[in-house]
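Presented below are the structures under discussion, each in the form of structure tokens.
Same chain, two partners: subunit A is paired with subunit B first, then with subunit C.
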Partner chain A sequence: MQTSFRLLGSLALTLALAACAPQDPHQKVSAALASNVLLPAYHGWSEANRTLEQSARAFCAGEQDLTQARQHFSAAQSAWAALQPLAVGPLSEGNRAWQVQFWPDKKNLVGRQVERLVQSNPQLDAAALGKASVVVQGLSAYEYLLFDPALDLADDSQKARYCPMLQAIASHQRGLADEVLNLWEGEQGMAAMLRSTPNTRYPDGREALGELLRTQVSALDGLKKKLGTPLGRQSKGVAQPFQAEAWRSKASLANLAAALASAEQVWRGNDDNGVRSLPGAQHQNLVKRIDEAFSDTRKRLAAQQRPLGEALADPAAREELDALYDSLDRLHRLHESELSRALEIPLGFNAHDGD
Partner chain B sequence: MQRRTFLSLGGALLAGSALAGWTLGRGDGGPLLLSARDDAQGGHHAVGYRLDGQRVFSCRVTERCHDVVPHPFLPLALFVGRRPSRESYLLDTRDGRLLQTLHSRQDRHFQGHAVFHRDGEYLYSTENDTREPGRGVIGVYRLEQNLLQHSGELSSHGVGPHQLLWMPDGDTLVIANGGIRTEADSRVEMNLDAMDASLVLLSRDGRLLSRERLAEQQNSVRHLAVARDGTVVSGQQYMGDGHEQAALLAIKRPGQAFRPFALGEAQRQAMNQYTASVAIHDELRLLALTAPRGNRFFIWNLDSETLLLDVPLADCAGVAATAEGFVVSSGQGRCRHYDCRSPSIRMRPLELPAGLWDNHLRLA
Partner chain C sequence: MKRMPLASASLLAIAISLAGCGDDRPTEPTQTAAQPAAASTTPAQPAVADESATKAVVAHYADMALAVFSDAHGGALELQKAIEALLAEPTEQTLAAAREAWIKARVPYMQSEVFRFGNPVVDEWEGQVNAWPLDEGLIDYVEGDYQHALGNPGATANIIANSEIRVGEDLIDASQITPELLASLNELGGSEANVASGYHAIEFLLWGQDLNGTEAGAGARPASDFSVGEGCTGGNCERRRAFLEAATRLLVSDLEEMVAQWQPEQENYRASLLAEPAENGLRKMFFGMGSLSLGELAGERMKVALEANSTEDEHDCFSDNTHNSHFYNGKGIRNVYLGEYLRRDGSLVKGPSLADLVTKADAKADQTLRSDLEQSEARLQALVDSAAAGQHFDQLIAADNEQGQQLVRDAIAALVQQTGSIEKAAAALGLSDLNPETADHEF
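Right, the complex of A and B next:
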């Protein structure tokens, strides 16, 4: 039996080597997306967090005003939102995503825990924050500090009270983004795993591509939840504006747009070398329908001029938001059922429907 | 049927199998991997493959199956219907021929797991009493002329029993009572605020020997592995909030209490409150676990409880011990073999069809 395993091993290696040859289309797409879409997005996130850390310091030293501090936060939040369809590997592991954003937050844990921590630890630093709950470590808590209606950091005494935490969060986020970027780069990094197989993570290009597609599908599903929750899809149609992601900074729809743009990049690649290039001639109708679905969702989203909270209160705008949700739903379903079938890439079911 | 008749029948089956070139030992392709698997269109199958990729059979079945129970010495296996299925399938593992569709009795459905007694005559299956939903029962079936006939019923002494296995004495059952009440034809949890999960030791005649619980009330005890020395390991699924801490892996060493396994915080968090299959390697004293929601596969030293392997594996599903280590299946990617004989564990992808493998696998 040992011998047969050894034989089997060399057979597996031969097949795997054949699979990584440049003509393997899955490998080609996975490599192109890693280099041209995913890695640049992780660089962008890391840079936005460096700027955020500088901004927190400058704001607390009186060198930046609240408006500027808010702008830098929004840039970091947008860079984070853009990573949702690209969250393969390190970001989806080790509890890291929770450390950046705590959503959904049904019980306002963010607000309550920030206040409790500021009370108990007025001189909080990044090291102490690292030991605290993930609820207060990320952008959700940072957003609370800069945007919550009950707070006003333009006021000097409040600024003095909350600034140690603001700086601690920004440092924690910068550290986290650097750590993730490190795990992407380098010879054994995530980008290398996606570029060339077999490796310790992926036995072949199909499996690497499969993980990219699965992340895309689950991100599209996540976008439905992010829009559907405030729309009341899980609460008998009663709108829930304060259950929206980023309701305090009024960036719910902007975050959706950033994530959707990344999802479209995964589909198209930077030079039609994305997932779109994979379905064969017999599936060109599906390709066309996915193109149209992206375009439809994008246009409906761009047509929303007001923040989500305001739109929810207006019956006409509410209808448009419902139509936007349906459009996202179509896009998600096209990926989940037809595209995965056309590419013969199983999305798996034990994780979603286990026992 | 007398025991002698049963054994001679088994003998007839064995003789037949020898003629067909089937041997009790393993063929050249290694052991036979048995599992439930879907096709790309969502159809359900009971399949058997050699580890070298050779397909022995693929039998289309109506209901999605969960665990597979090979007979201790005959070339048969029961593919157990996934809850709340009312059908399980008894197959000839030489060619995948369907010998019997076993229907659950009135007011009962299968919970996905069963075991054959070592004598090969009786099968024990976890079931739900749908007249009194959640009341766990163990259906007892007798194998007569390659057909399973219902012959009795025991209490599982708990709610929503899931996996059950034999203790090394071969006459004591260990049962994971998941603690969750579900109704007929439903998978919806009805009692999340009043769950009652437990680990039960039950003698074959139905006597309750022990019942132990973990600290967290919403922690569902689901899957089991038993070592040759009587060590029992259980994998849990936590039904409470995502950020709460629960013992997702627990252990009962011989003569000791049921308690949390020494799980690292990073590994616990990576599991996303959900474990799927557990397996023990007796010779190497290793414990393996799949966590499909966290997309991670783990191996620990069973004695020291130290972590040996923590790797990403998309939608990992079934796991079983091989001579050298473990074979693991996946709902999304390729099956892998982990050679654990040296300190640096070596992974090798197997030439089996990729993805769509269901929760559990067995090697026969």
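Right, the complex of A and C next:
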């Protein structure tokens, strides 16, 4: 019975796809990326958050140890990092992204607001958390609880103190990820909007593809900021390890790698059906340079064996990180200026302008 | 070259994200829904107006910059006078007068910030003048729930109490508090929260920490913090007086320097700007408007404070003057578009404007932007009115103040909407790549 439903479903899908057979190359790429890159990534994030919710419950019940709890957190954080170049639609609306991660945290608002809330509301639940500041609702606060040097959740009394909040955050995240996944799926979902136009979001495939590209460029800009801030690029070259994303869990570079991998998927698609397939014959040199830029950034990142905080303290590694930043910068600029021009997709202002 | 509307979709996404709220209210992309065919209705061949008209607009832009920076300088001189009076006789009256002068000095300065983005000469100079948020423990005593940037070695250096400051392995001689010393201490140890100069350092000295969180009230430093001899409170009054005097002197000279950059017929930034292709000048004007509107004002200055319920991220956090700062930032954006600036002395600077060019190219784009600018001004005015009625920005962003948050959210939404119209107005003049740093001149 179930099989036949599935068959029926896939038949309907085939018909639907055939009905709006995407002739426009922009539409084709947008559709391929929606199905093969974006939707799977949102599924992955949602699953990681289901696991995280179970982990929080099990850890607080004494069925998981701190190491296991941390591993599940890292998986959720990595799935989240991978969404950065894919954050079109629901995730960029409302303040959903901020509910997952609060960065940059210039003045340690995470630590401060967590402690304040635990004090004022010791039996915090997900509903009360939903009314609190975004700073305490997400992975940044979860990371603080599990990794901050001043806390030790392996200690029973601390565990008792912070567990209500840990579980509330995990539930909030699970709910948020499910909500977003819901908004991606279905006939009027985000994936459908990217697959076929016109619709209430996009007048044509070009606008849909344009938004994917703008998100990609903005994410690459964001990655530069995430690496450049701890490297001291905006602060006289003096390293700022505590201003890094995910410094507590030592996952700054791992997050960067996850996001970069997604950006490369947007470029390549799953079968050379990504943005890369769009520039015409006269732009093949540009395509080659972007290929090389991705490969260069990826290799430099993979060569970093130590956490960012440690590497920052080592002059030789600092040089490598500076070279990594420059590589990322080249990749970003190729997208921002040459690729957008080759595809005739203007970028407009993004939220990083004015920083 | 084929053109298409600028970034409407991505902007909308940012729009919704900036305007978004803590509840789970579904957000609907009504704008795009209302105009699904926008892509095909753009004029096919927008073009920059003729060169002489364009040049006149850029030249008037430079005139406005000269006027607004001159006014900021004039305001700083008034502030300096008031501070001299305070130091001559530290009473609650002279302190109140100095605070009043500071608030007045902010009016032209905040209108100058639209010139910051796009003009490197302003952007690179700005840090010493208006950097925030700051770790005020670098400057003076702090108490209560003082939180500073993690890993900032200068966060509790307290220059006023210490004639030597140790940062890591470096020992800095701070025995003489001079403008040069303060300038050199900015971003001490690389932390951008180390701000020893500019409006906000002076603001902290005049008001002190705002210990009220999201409750009513600003900083309440007593005038006796500046008393000489026995009546001195807070300790080290002589050094505090020296700090205030030096920081004010530095502010005045910094502004003087910026005024000189915009004087006509000299070898300065103005000359190089006017020597560039006029189209590039237009690009800078639009870039300044859009960057201040979206990333800086709506984003960094409002959205961060709002969503994090963070009074540390409030712009004028010691004085609770944030509503005015935001209002005059918005006014500056409007000034640049309309080519109008109302000076401190009440006279109006008016001349060839972007609006003139846009209305010729696309009257509808001009009308939309004008009405968006009015709308954002009204929304920012609502923040000013709220402050006048006793609820300041730091109260509006309290976690349990739903109505207050809505006021801030509405202002953000208006700024975001106006940014979209700025892009469209630029597109009407044939300007697509708005970032003057990345735009080359092939267009």
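Keep in mind that, in the parts below, the second predicted complex is superposed on the first by the 327 of 355 C-alpha atoms of A that agree within 3 Å, B and C clash if a C-alpha of one lies under 4 Å from a C-alpha of the other, contacts with A are read in each partner's own complex, and residues count from 1 in each chain.
Operating definition for what follows: a contact is a pair of C-beta atoms (placed from the backbone, for glycine too) under 8 Å apart; a residue touches a chain by one contact, two chains touch by 3 or more.
Quick caveat: nothing in here was measured; it's all calculated off a predicted structure.
Of the two partner chains placed around the shared chain by superposition, subunit B and subunit C are both touched by A:E207. When the shared chain is aligned, subunit C comes close enough to touch A:T215, but subunit B does not. Judged by the number of subunit A residues each one touches, C leads among subunit B and subunit C.
Shared-chain residue A:S133: touches subunit B and subunit C both.
In the superposition on chain A, subunit A positions 89, 92-95, 98, 133-135, 198, 200-204, 206-207, 210-211, 214, 341, 344-351, 354-355 are in contact with subunit B in one complex as well as with subunit C in the other. Those residues of subunit B lying in contact with subunit A across their complex are 26, 28-30, 38, 40, 51-52, 66, 82-83, 112, 162, 222, 237, 243, 266, 269-270, 274, 276, 292-296, 311-312, 314-317, 323-324, 330-334, 336-337, 339, 347-351, 354-356, 358-359. Residues 1-4, 6-11, 13-14, 16-18, 20-22, 24-25, 27, 29, 32-33, 35-40, 117, 133, 135, 145, 147-151, 187, 189-193, 287, 290-292, 294-296, 299-300, 307-310, 312-313, 399, 419, 422-423, 427, 432-435, 438-440 of subunit C are the ones that touch subunit A when the two sit in their complex. Subunit A meets subunit C in the complex at residues 88-89, 92-98, 102, 106-109, 112-113, 130-135, 179, 198-204, 206-208, 210-211, 214-215, 218, 232, 234-243, 333, 336-337, 340-341, 344-355. Those residues of subunit A whose C-beta lies close enough to touch subunit B in the complex are 1-2, 4-5, 8-9, 11-12, 15-16, 89, 92-95, 98, 133-135, 198, 200-204, 206-207, 210-211, 214, 341, 344-351, 354-355.
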